[in-house]
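Look at the two complexes coming up: subunit A is in both, with subunit B in one and subunit C in the other.
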Partner chain A sequence: MRKLLQREFAGFITLALFLIYLAFAAPSFYSLGNLRDIALANVSVLLISTGMTLVIVVAEIDISVGSLFAICGVCGGLLARGGLPIWMLPFAGIAIGSALGAANGGLVSFVKAPSIVVTLATMVAWREALNWATGGAWVENLPANFQWFGLGQAAGEAVLFSATAVLFLAILWASHNLPAFRSIYATGSDAEAARLAGINTKLVVFAAFVLVGALTGLASVLNAVRFSDVPANAGIGLELQSIAAVVVGGTPITGGRGRLMGTLIGVALLGIIGPALTYLQLSPYWEKAIQGGIILVTVLFDALASRAEKRPALA
Partner chain B sequence: MNRATKRQEFILALLIAVEIALFSTIGKNFFSAANFFECVRLAVEIGLISLAMTPVILTGGIDLSVGSMMGLAAVVFGGLWQVAGFPLAAAAVCALIVGLLGGGINALLIARLNVSPLIVTLGTYSLFRGIAEGITGGARSYSNLPASFLYLGQGYIAGVVPTQMLVLAAAIVFYWLLVHRSVIGRAFYAIGLSPHGARYAAIPVTRRLTLVYLLSGLASSIAALIYVAHIGQAKSDAGTGYELIAITAVVLGGTSIFGGSGTIRGTLLGLAAIVILEDGLHLAALPAELAGISTGVLLVLTIALERLASRQRAAVAENQEFEMKNSQLAILCSTVIVGALIVAGSNWYLVKNLRSGTSGDTTAAKEGQGRLTVAMMPKSKGDPYFISCRAGAEEAAKEFNVNLIWDGPTQVDPAKQNEFVEGWITRHVDAIAVSVGNAASISTVLRKARSQGIKVVTWDADAAPDARDYFINQATPQGIGGTLADEAAKILHGKGEFAIITGALSAANQNLWIQYIKERVASKYPEMKLAILRPCDDDRDKAFSETQTILKVYPKVKVIIGISAPGVPGAAEAVKQSGRQDVKVIGLSLPNLCKPYVHEGVIQAVVLWKTRDLAYLTVKAAAALARGELHSGATSFQAGRLGDVKIEGTDIILGSPFVFTRENIDQFNF
Partner chain C sequence: MIPVLEAVGIRKSFGGVRALRGVSFEVCAGEVHALVGENGAGKSTLIKIFAGALQPDEGEIRLEGTPIEHLTPAKSKSLGIAVIYQQPALFPDLTVSENIALAHEPPTAFRRIDWRKRNEHAATLLSRVGADMLPQAYVSSLSMPEQQLVEIAKAVDAEARLVIMDEPTASLGDRDAENLFRIVDELRKSGAAVIYISHRFEELFALADRVTVLRDGESMGTFPMAEMTNRDLVRLMVGREMEAVFPERNCTIGEPVLEVRHLSCVSRGVHDVSFVLRRGEVLGLAGLVGSGRTQFAETLFGLSRADGGSIAVGGKAVRIESPQQALALGLAYVPEDRRRHGVIMDFPVSMNTTLASLERVSRGGFLDFTAEQRVAEEYRERFRVKAPSVDTPVRNLSGGNQQKVSLARWLMTEPRVLILDEPTQGIDIGAKHEIYMLIGELAARGIGIILISSELAEVLGMSDRIAVMHAGRLAGVLDRNHADAHMVMELALGHAAVSD
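So, the complex of A and B:
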């Protein structure tokens, strides 16, 4: 078991214990409707966390995803209102997100500025620029076929869910099998060794930021079409949520390692806490404390487990 | 200290000089001793945290939990003093101990168990704030602190020097000695460069790291005490977002985020750059969003410039690692151009948007012509409710020929509100109108404004009565709470369960309305029951998810009351998608956001006043006060297109709240 799950172990055990507890304390949590709603609410978080995993594996970080999310949503809304065919919206989101991601990646990999500083700067700058440009106003009066891509609620939900699942599985497969994705691990593990092995490490880092930007853009559009208009303040705190999901999933922040299955577990764990607390009828005032506590317990569990394992001295 | 750090400090010092030169030209009363000390006062809390953050980052770590620790320490201090009856000094000591304990948790996990600092402090970031919210139920706050304590945050030594400046000075000396003049400080650098190497060099790495995080917790709790004394109130939201500002200051000051290089002096320069920028923007009446944008540009610029300089130098020293390539130059140039484009684009937007000439950016020139300047502050600039108010304010400014400065925090932040008012006092505007986020904290500065001859009105939410001339009363909290309860009762026929989706748990206004909803229900509709209350953080998507869950967990809930402009459409969308025809939504929101749902019958009633008229009346009243046309004791006054408006005591009454329904909502567009 431990071998199979490797570093996701701690997150997996916490999630399993939590789910088992819920099965006794609030069995109605497992209704189909509830699971569907939770899954849909976390589609965008999963996409972003997937990109974030790759960025963290390459030993960088991106804390600007929340701001990118807001910008892509508003731009998507404006484009739809401006008459862009609805089926092109996801591609527009990907394009805008990639461009913003490329700005981060360019500064990190070609100017060699530390990623936490670059994305801290872009996080604040893009957010405030958006606030300023929109004055906080929502994008309203969207065409009728904006919501659910005009497919209706049931079909729209299915499209969202399957698109995310396919994309996640594709990246999961690629991360194990494609040389391009293996070079992400190589670069994150030891950039100099990777360079000597013929990998263009700068390009790899750049590509990781473009990818997280693209996934954020797509996530933003997929989230936006669940509603009939786009708010200007979306995605606040999304960066912390997705980073937390990645690290709870066992990806070390130092790079070079980490698996997307772990990230899926992390997203699931953090995604069910909120609704589960309502099901357990706990006071909302303690919610943040419980969330922080669960992250810490997972981390502690992981630390103790890896201690007990008596790793070889060199690790 | 290495060369790169020195170079970045030099670049930063140049940038600060540019800032000062710029704001001295375009800002009013910027270059004065009084403003200097005001800047310092604003810098103390952030300064303490940034100082403590410097060794943390020097050792290659990070501490995201400092802002949350401020909230927890503030609440512990206030609670022990007011509820448990501790003497002030004992409560303060306990708050400091809590800071040490929090730092100890971080230290234990980071130093002992070798967990990454980013993850640990991400966890404690939620944990500390969560405990603070849990203890106070989000809403409770502790004020009425004795003047002797408030002196720490509001007083002046010898009439000019802010009291808390001494604390900052002591902290600077302490950290300078610790980092630059002690064996322990050298150990920080060694650990940052290589923890393994440091261990082999017989440095007690675990103990040094423990010390760093303990000090960080302690500094946060000291900052919390000063914060409480500064704004006169202890509440769970103290220090929200301070961690990012502190990290920005440290990194801006040339400390490497990977550890091993950096100085205290650099941090102080970084701090100065940020504080001067914010203060200067207030005094130049430029919009607050510029602060964030320019901080971001500043960060990238200083680092990029430093890299560029280091590369040029390294190229000479034939270091193969650093070669200046055309592509690198191109990226640097494009970054600067993008930054410039953003500024230019937003300026264009500003001009286009405020063609009426009421904007702040040209006020300096116009003030010379004897026009009055009215500074008006919303609780948060981005809130759709306040955006709809702004139109009325601009209409009135044009009609009555006054300059209007419309600015405020971009997110609800009581401490920021004080900074704006301080800036306006230094600028010496003619009248200030504030939508108060936190009465206890802002009243002190408003009194200061009045004592300097500035007319003060409050609108939307009131301060202490003696801190303002008039309050523009759009509707009493009783009126709003009562109307919402009545509307809910109408749908439920006085019987059944309802749920409330509120904005933030710590929002004072919302909590007051909820209290009056509960009172009205208890007294008039005994068969109605509040099933659950959930926060949505003024986020439409969160309101949506919360409502989805509520519908499933509480199937008996038939009415959802949303008390947040984005929350009502969020709740309505959830009800609509669930297909539940038997559940209705009502709440406080804007007609435009709710129109589609009102027509579909999901939202039955939106309660609000005419926001445009509220702001219009506010500007008119402020201008009339400043011109001497409105005196205390008046019983009515002529307010332009609104006609004669009634005054009760010091409340200027707009009228009762308005209920928008399917029948009348199409007549309104805001």
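So, the complex of A and C:
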């Protein structure tokens, strides 16, 4: 347990305290319906944050995920309307997301452009391209089996939850047990040293962007099937949400370290604040302020922790 | 005569580690005072206290007899103490003259910058320290030795009473070192006090008036340099007699393992290098800094693309275009500047050891942590890495131990050819000896070793043959039995013709 919660400690304690407080101050928060709503709303955030964690661990950043999310959703809707078998939708989302992620990764890795600039450019470009193409119109008149994959709400939700859980656990497990993931940490920690150790660091960085793209594409489709239409302006602010979750989870923005368990805690912590405010009968305007406060506190905790670490331990 | 700087009973602890246990030290005007000791003996802590970067827990510092309280970096500077660290601490995106002016420039009327005066002043200083760069040159465009000279120019400019030099020659070739010695001598003649830290005994004997030896945070005493011998110093530093720094090696040299023919990488300044390396052979690669040794090694290892020539490994012609290919062919490269590239600081000893051979600690494509721990523990013991456990981050190890971890990583790949680039730079004599022993062991097991080193004694002591580079070309290859320091230097300076 101690090993599980080193750097994500601050987030974990805050989450635990907040949940205990809610149990006393607003017990109705714990109704099944409410918890399910919160989970549903955060499934896509968790998937994207998982990919974002790996991008941040390789010491890069991707702020284009919100735009990727919108494009994958609209494309998914159009494909479904065009007659694509409904079970293929998630795979279409993954394929489109991967392609867009590969464009980011290629520019960062092989053209050596800084990732913040590349993804800022693609964020704006894809968003505007989508606006131009759709004229802002939603994708409507979707086939009847689009919503919940035609399974009905209960079964559809079960599919969403289990797909997300299985993917998250698989990536969590892989991050500990696959040699390839160790290359990710090595590259983020010291790219030149990793290169000299025989790691293809360009490929590692490229792969991280493809992975976040794929997860964003999947998240977008899983999110879209909750509704009967696909909006053209989905995913605004998603990049900040996912980066914040990663940071609150204890992953330093400078790369090389960070763990997915922390990201899960980060997503949960930031995700429950909005709904909790309603139950505590506070103005929803507080949500962003509280989220900002939490980010600040984690970053401070992190700075203090790494200062303690830097003390020479051995002569 | 009152010493310029006097420290009495200095104690300093970090957490539970006592770095200094009551050290007293003094340095007088017009004196070069050598400070020696193994890594971790407390040299760096002591000079950081003099520089005001650290506060002592106990003890007193007096400057020309006056006790100084709460020394800060700014105060230390204003009192005329200049510190030149091992790694130059300059602003890379500013010019040489701006760097010099930032350290010390008298205020002008209306705080206006007089660029002409500033550049002229910098030019004078640079010529005084024997540097031939332009004052308008950006520091990022300078080589390491040139940056070191700018640091020295800053100290000269400040007319420091006390100049502290922490291994100033660690990154210098022999010619630049000569220039440095001249400057140190001038500083002494001008009446400044100099504290000089170095692991290279020859230069201490040539330069220093007195020497203070530190061991485990305690002073072993201060002695006139003229009364000391190499052996005395080693004994005081390590507390034991060191019979021979270089191990006896009597191994059989086998068939060629690496053949390099006319290898060039013009963009990195490597031209037409040819040699043969055999199983069990240590080939020393000597040359001045900037002679292209590292560039050659990087070309060989696939880090830079060769644009001419051929390579054969184990008799088979190969192309090496990436480090992955080099690794697969059985080449391993322990780079220079291990602090930056040799190990991954965030990783523990175990993960650093296995990084280049993860397939050997995997089962069915998944990491096997038990196997990893076992293998890492094995190498830790064999390489005598001083770390509490294999889970200790390498950040917390000393330089010598980091180097051993880096060596262990490459050894685990079971290479046929091992390229070592300055493997003992900046590490203490005890750890050096252990690394020499390891190199000997590896050669005895049939690995061909290319040893790049700027220390002549090391090249002469360890190599079977010595290849000398000059200006990106191989100036000559000498046999160990017929080589001496003078011959190597002549070749390195480009004086001698190419010989076989």
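Please note the rule applied: the second predicted complex is superposed on the first by the 297 of 315 C-alpha atoms of A that agree within 3 Å, B and C clash if a C-alpha of one lies under 4 Å from a C-alpha of the other, contacts with A are read in each partner's own complex, and residues count from 1 in each chain.
The rule is simple: a residue touches a chain if its C-beta (ideal position, glycine included) is under 8 Å from a C-beta of that chain, and two chains touch if they have at least 3 such contacts.
What you see is a predicted model; the values in this text were computed from it and never measured.
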item: Partner chain(s) touched by A:177 [first = subunit B, second = subunit C, both, neither]; value: second
item: Of subunit C and subunit B, partner touching more subunit A residues; value: B
item: Partner chain(s) touched by A:200 [first = subunit B, second = subunit C, both, neither]; value: second
item: Touching partner for A:37 - first (subunit B), second (subunit C), both, neither; value: first
item: Which of subunit B and subunit C A:192 touches, first, second, both or neither; value: second
item: Partner chain in contact with A:254 - subunit B first, subunit C second, else both or neither; value: first
item: Partner chain in contact with A:273 - subunit B first, subunit C second, else both or neither; value: neither
item: Contacts of A:95 with subunit B and subunit C, given as first, second, both or neither; value: neither
item: Residues on subunit A lying within both footprints (that of subunit B and that of subunit C); value: none
item: Contact set on subunit B toward subunit A in their complex; value: 109, 113-116, 118-120, 122-131, 133-134, 136-138, 244, 247-248, 251, 256-258, 287, 289-293, 295-297, 299-300, 303-304, 307, 325, 327-328, 331-332, 334-335, 338, 342, 345-346, 349, 353, 381-384, 386-387, 390, 410, 505, 532-535, 537-541, 544-546, 548-550, 552-553, 566, 569, 573, 577, 592-593, 596
item: Touch list for subunit A against partner subunit C, complex; value: 176-179, 182, 185-186, 189-190, 192-200, 256-257, 311-315
item: In the complex with subunit B, residue positions of subunit A that touch it; value: 28, 31, 33-34, 37, 41, 61, 103, 106-107, 110-114, 116-118, 120-129, 131-133, 135-138, 140, 153, 223, 226-229, 231-234, 236, 240, 243-244, 247, 252-254, 274-275, 278-279, 281, 283-293, 295-296, 299-300, 302-304, 307
item: Residues on subunit C engaged by subunit A in the complex (per definition of touch); value: 14-15, 17, 19, 40, 303, 322-324, 326-327, 333, 335, 340-347, 351, 355-356, 358-359, 362, 365-367, 387-388, 392, 396-398, 409
